[in-house]
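So that you can tell them apart, the chains are marked A, B, C and D in the order they are listed, and the count of residues begins at 1 in each.
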Amino acid sequence: MKKLIALTLTLVLALTFCAGCGGGGGSASGDTIKIGVFEPASGDNGAGGKQETLGIQYANKVQPTVTIGDKEYNVELVVVDNESDNSKAVTAAQNLVSQNVSIVLGSYGSSVSIAAADVFADAGMPAIGVTCTNPQVTADCEQYFRICFLDPFQGTVLANYAYENGMRKAYCLSKLGDDYSVGLVNYFVEAFKGLGGEVVEEQFPDKNSDFTSYVANAKKAGCDVFFSPVSTEAAALIIDQAEAQSLGMPILAGDTWDSNVITGAAKGKNVEIVVTTFYQEGGNPEFDEGIKAWFEEDKDAMTNNGGNTDLAAVTAMGYDAYFVALEAFKAAGSTDPADVLAALPSLEVKGLVCGDVSFNETGDANKTEAFVKKCNTETGEWEFLKKQSAQ
Amino acid sequence: MDNRQVVLKLSDITMQFGGVVAVDNLNLEVHKNEIVGLIGPNGAGKTTAFNCITGVYEPTNGAVEINGQVVIENYPKGKMKDAYKGRNKDKYTRTLTMLPDKVTGLGVARTFQNIRLFKGMTVLENVMVAMHMNQTESVFAATFRTKKARAQEKAMREEAMELLKKVDLYENMDDLSTSLPYGKQRHLEIARALATHPTILLLDEPAAGMNPQESDDLMKFIGRIREEFDLSILMIEHHMQVVMGICEHIYVLNYGGQIADGTPEEIQANPAVIEAYLGGDE
Amino acid sequence: MDTRLDNKKKIALSAACLILFMVFVYFGDIMIRPGSSMKMLITVIEKGSIFALVAASMNLLNGFTGLFSLGQAGFMLIGAYTYAIFTIPADSHDKVYQYFNGGIIKWSIVEILESKLGLAGHYLGMLIPMLMAGLLVALIGFLIGIPVLRLKSDYLAIATLGFAEIIRAFFQWNTLGPLTNGSNVLRKYTTYKNAIFPVMIAGISIAIILLLINSTYGRAFRAIRDDEIAAEAMGINLFKHKEMSFVISSFFAGISGALLAMFQTTISATPFTTVMTYEILLIVVIGGIGSITGSVIGAFLFTAASEWWLRGLDAGKWMGISSSLMRPGFRKVVFAILIMLIVLFYSRGIMGDKEFSWDGFFAWCKSRPAAVKAWPEKRKASRAAKKEARAVKSAAKARAKQAKEEKEARKSSGEGLFTPLVLADHVVVFEKEGRNG
Amino acid sequence: MDTSGSRQASRTYYLRKNIIMGLLHTWLPYILAGIAVGGQYALIAIGYTMVYGILRLINFAHGDVFMWSGLIMVYLVTVLPLWLSVILVIAFAIVLGTTIERVAYRPLRTAPRMSIMISAIGVSYLLQNFALYITGGLTKTYPSISWLQKTVKIGSATTKMVTLITPVLTIVLVFILVMLIKHTKIGMAMRAVSRDFETSSLMGIDINRVITVTFIIGCALASIGSILYFSNYTGINPMSGAMPGLKAFVAAVFGGIGSVPGAVVGAFVIGICENLIKGAGWTTFSDAFTFVLLIIILMVKPTGLFGEKNLDKV
């Protein structure tokens, strides 16, 4: 028995070896162009990563081909899971590179993008960040571009919003070891203090699910606003505790909170939630309806979206990223990563659902405004408040 | 009276576990080159006494002297202060403890009742492990195989082989220790103890599980190693044939307490011993 | 024909194989273009050799000294940070420590040495921080070892696990930000250019571990593993030797942490969780507890399977099979099941506690044709044996059933699981008497 | 003189009372949260301590059984009424726990201690990865059990009903369990087995039955714990069981492994301390604290608060 199992195991491993060698090499046929999707499907950012991937997949469904020069290519998506983990991100990125993709999209969550940047740089592989907002993603990597705004911008926008609405003391909660929330809090604090506000900063450890004491701390400190731009996992728990302890102050957050997880958690609860984001549902009715119809049709897509058809901003961003990639191919007139890379800096794409995209010299999108939305806790939907700029 | 030098001396050793007194006021002497037997029915506290000598247990009361120097001493304290049931409560005032490896360093080696060989190692390695404590090289020297370390390793190996020859295990040198037959495992345990260069050897039931022929051989073997290695031996044994055959002095324990001591002839004639063994009214 | 080789030939053969491997890795990394799937092989070799080192260091503790320690991820973390902190180029500090005014250490050992010694200084500048990483982790291992090594095996496991968690929280602490960059990633530090670097460092380190294990100290460690009480009775100072093994293991965990930092090009404390330690432990188990060669093979297999071969399971298509079951996460499930199968049915792992030897290898190769030929008969024999075993088992079952029925019959009082003790006591006494009589 | 003295005294009394009330006012929310989470840890910790007491095994998979019973609840409640789901969840946890014991621990009972511990880690790895696969890595929201999640006000603190229910329920369950162990035949068998595994099997105790019952009790309590815990902290993801599991184990060690009341006391201590530390602003180290406590207790009193000393046989 033992021998048999040993034998089977060896056989399986040996076969997989062949599969591993064979799978990547041969399949790049002439009429296909590959786009790598570098997103987390598991780990802390799994939920957001999946929603972002959905946008890309939907776009691929809407527009499965691209004409480069005179030739029509089928676009194939190569999706890898970077597991929201820096140590896995490098091999995941390497995996994409080794599969001959022409461009990479992603990731949700900046630290994996930063970790993978060197792999893309070594391979000369252009990459377009979809919603990674940390300045470091593009700062030292010529290959990395992005279509979203940055944390310093978003932090300032949020601080402006808070101060303009009469909030003077902010409780800022970030997650230990999570560079996104820590970074955003940092920029918020900087801007908010600059405006004359006062802050209390705290961090919670990984895997924490007990937010009772943090909510209590905010109340104890007598703050006017609870700023916690953390992952949606933690967000749901914070909202729950805010309700349980009657927090009594608005909760403010960044783009990650623009998700149906939040509206779902907040529905029917006595909480006030305000977020800044990339996209407002209704901004492009055609896209909204199309993608919702797809969710209804494809159960897997629906599951990945969290079980309902509510639209997340990251999905819209993913959709846009795909079209930016197609435009880049067209501009490059080639499927070669090097040509695509050369075409990106001067690229200008109009008519996207989240607004036009052009890149500045570091490779970041030129964005001047963010959408501010508020959660309607009765209907469980987002309500558009205003466009807020950094000034 | 024996005029030879006393190499091991137990004074008032008492070991109490909770409310149970396992060894009760044991006084014992081993002279140089003497073979002393420690006998008694099962559960009489013999192995516990060994454990007190070798530092595995800390005795509740009493002292152990090795080569004229007190190395272990204790008195009832803490919770034991009130719970202590033994004698000589106030006789000792110091607490001296010693870890087993230090006791071995003083030249007291032992074997175990239930054989404790190093299972994952060969016969040769088992013996060489016991020589580890006498080697002088640092871990770096040993790892990077300095000239000295290599020489020492070679010397160690040769000495171990020599020792194995003496205990008739030379042919089995590269076998896994657990693959040896039972009797040879006992021999190996003794050889391993000898490899630490002891002056006092404590044997815990060396003849357990042996047939008369084997125990006869063992007796001769013990006698031989005493001469060859200049040893004093304290042994626990159930085989009366062995005990009466080679021991010069015998101590008898029962229920932790010491009921008799003397020469084999004296012990054989002692009514208390006979009662303990035949079990009186029990 | 005797296939045994003399020692010189064996060494030559091993050296030849190693050099061939090194040459392959070196030129492989240079020549294989990024788009090729063979590039993945090089990546796997890089990561595999790093994990081979940390698995070997864990095996030194778990397999050779019998100390069940689960702190390896924490030690790697310290090693990775130490290396990274001292090699971030001076002009990158402001970018990396963007929230901490450029941090407190404003120089890089690599740059200092490079400016003085050129290329040699560059490599020396990488080796020195790596050595510092190892030594710092060894020091911390030493300090942690003082209290925890006195604990019994399971408590030791949980205490080392605890220390690893404390270390992680400590490195993420904002107050230490100017040094560790708090929760933010460290990056831009000097990394190796060619895959040969981690392979060589890991190779040398593993060779040192092997030398240690085969020295007199290694024997003492194994003695402690086999029987602590007997080892102590043989004059081996338990604490000293455990501490020694712990410190050395920590040292190499630190080195592998530094290598991992180089491999990843960015480092943050978040991934160094207990799960990482578990994965290292599973590598050790797959390879065989008590076999360094096993750990090395295990590390390469584990890395290749999890990062490369089984990835198709997540994407819905693997080896030509596609199934709706295959969606993200499936790879890990399959992987976990494979590991459980190994743990339960093949607990000795690939190598058991044996090391690779040319003699063994040739003997194995030679025995293959015969083994293949003998296989049908062997299977027949094993089937027959199994049948017999089944028969014995069913007979035993029948007997047990009968005994149970008898017992049930005896229990006329209807005694059940939760019968009050008073009644139960009587029954016990009754049964005892019954048996004696 | 006299009156002024007494006035003085009464003033200090009131001052003191004010300070105490003030402190209570500030700290009450934390203490309440601590008691609640402590009770939930206690229910998990009992499984650890009993299994360790009998098998000398750290059942690393216990935290994942806890997580899985939460996860199953999420799925069951969508198709079944709540009361039935609760019963089925407890049944599921029991089946899962005993299956794990049967498949992964029983075959290794004679193997070295390390193998069985590795097996436990392997099971934990499998359960987590399987949950990851099923949920797709998404956090699931625990179904609301309205009366448990009702908001109540105690003094200065507002909290959920479950916070108040947990300690009461925990203590009642523990009381029943202690009675069971003390006064029934199976309880006696458990005590015997935990004292001396081999001898009790020689004495005719059906070891397998004792172990199965231990796992049943442990898993049932863990699943009740999961209902309380996830009603309070409503998100479940594959890693949700890991931290509570580790903390519960630390609680078991703190109280003296093998001792049920010890585990409960330990769990409350850890729950309360953890929240007080968060309240004091040391939020970064709230998890690390648990392990600091573990290491301190192992150094100072390795047998824990109520543990018994075991001597090795030589």
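Everything below uses one rule, namely that contacts are C-beta pairs under 8 Å (C-beta built on N, C-alpha and C of every residue); 3 or more make two chains touch, one makes a residue touch a chain.
Only a predicted model underlies this, so the values are computations on that prediction, with no experimental measurement involved.
For the pairs A-D and A-C, the larger set of C-beta contacts lies at A-C. With chains reduced to the mean position of their C-alpha atoms, the one farthest from chain D is B.
A straight line joining the Cα centres of chain A and chain D is 36 Å long.
Chain A and chain C have CA centres that are 34 Å apart. The centroid of the Cα atoms in chain C and the matching centroid in chain D are 30 Å apart. The distance from the centre of chain B to the centre of chain D, with each centre set as the mean of the Cα atoms, comes to 47 Å.
Multi-chain contact residues of chain D, defined as those touching 2 or more other chains: 132, 136-137, 242, 284-285, 287-288, 314.
Residues of chain C in contact with two or more other chains: 169, 172, 174, 229, 327-329, 332.
For chain B, residues touching at least two other chains, in rising order: 56, 112. By the touch criterion given at the top, residues 208, 211-212, 215-217, 219-220, 222-223, 225-227, 229-238, 244, 248, 290, 353 of chain C touch chain B in their complex.
Taken in their complex, chain A has these residues touching chain D: 40-43, 46-47, 50, 176, 202-214, 216-217, 219-220, 232-234, 236-237, 240, 243-246, 261, 264-265, 303-304, 306. Within the complex, the chain C residues that touch chain D are 62, 66, 68, 147-148, 151-155, 157-159, 161-163, 165-166, 169-170, 172-174, 229, 274-275, 278, 281-282, 285, 289, 327-330, 332-333, 335-337, 339-340, 343-344, 347, 415, 417-421, 424, 427, 431.
By the touch criterion given at the top, residues 26, 29-30, 33, 37, 132, 136-139, 141, 149, 151, 157-160, 232-235, 237, 239-240, 242-243, 274-275, 278-279, 281, 283-288 of chain D touch chain A in their complex. Note for the complex: chain A touches chain C at residues 1-2, 5-6, 9, 12-13, 15-17, 19-21, 23-25, 41-42, 78-81, 85-92, 94-95, 97-100, 111, 114-115, 117-119, 122-125, 135-136, 139-140, 174-179, 182-183, 186, 201, 203, 205-206, 300.
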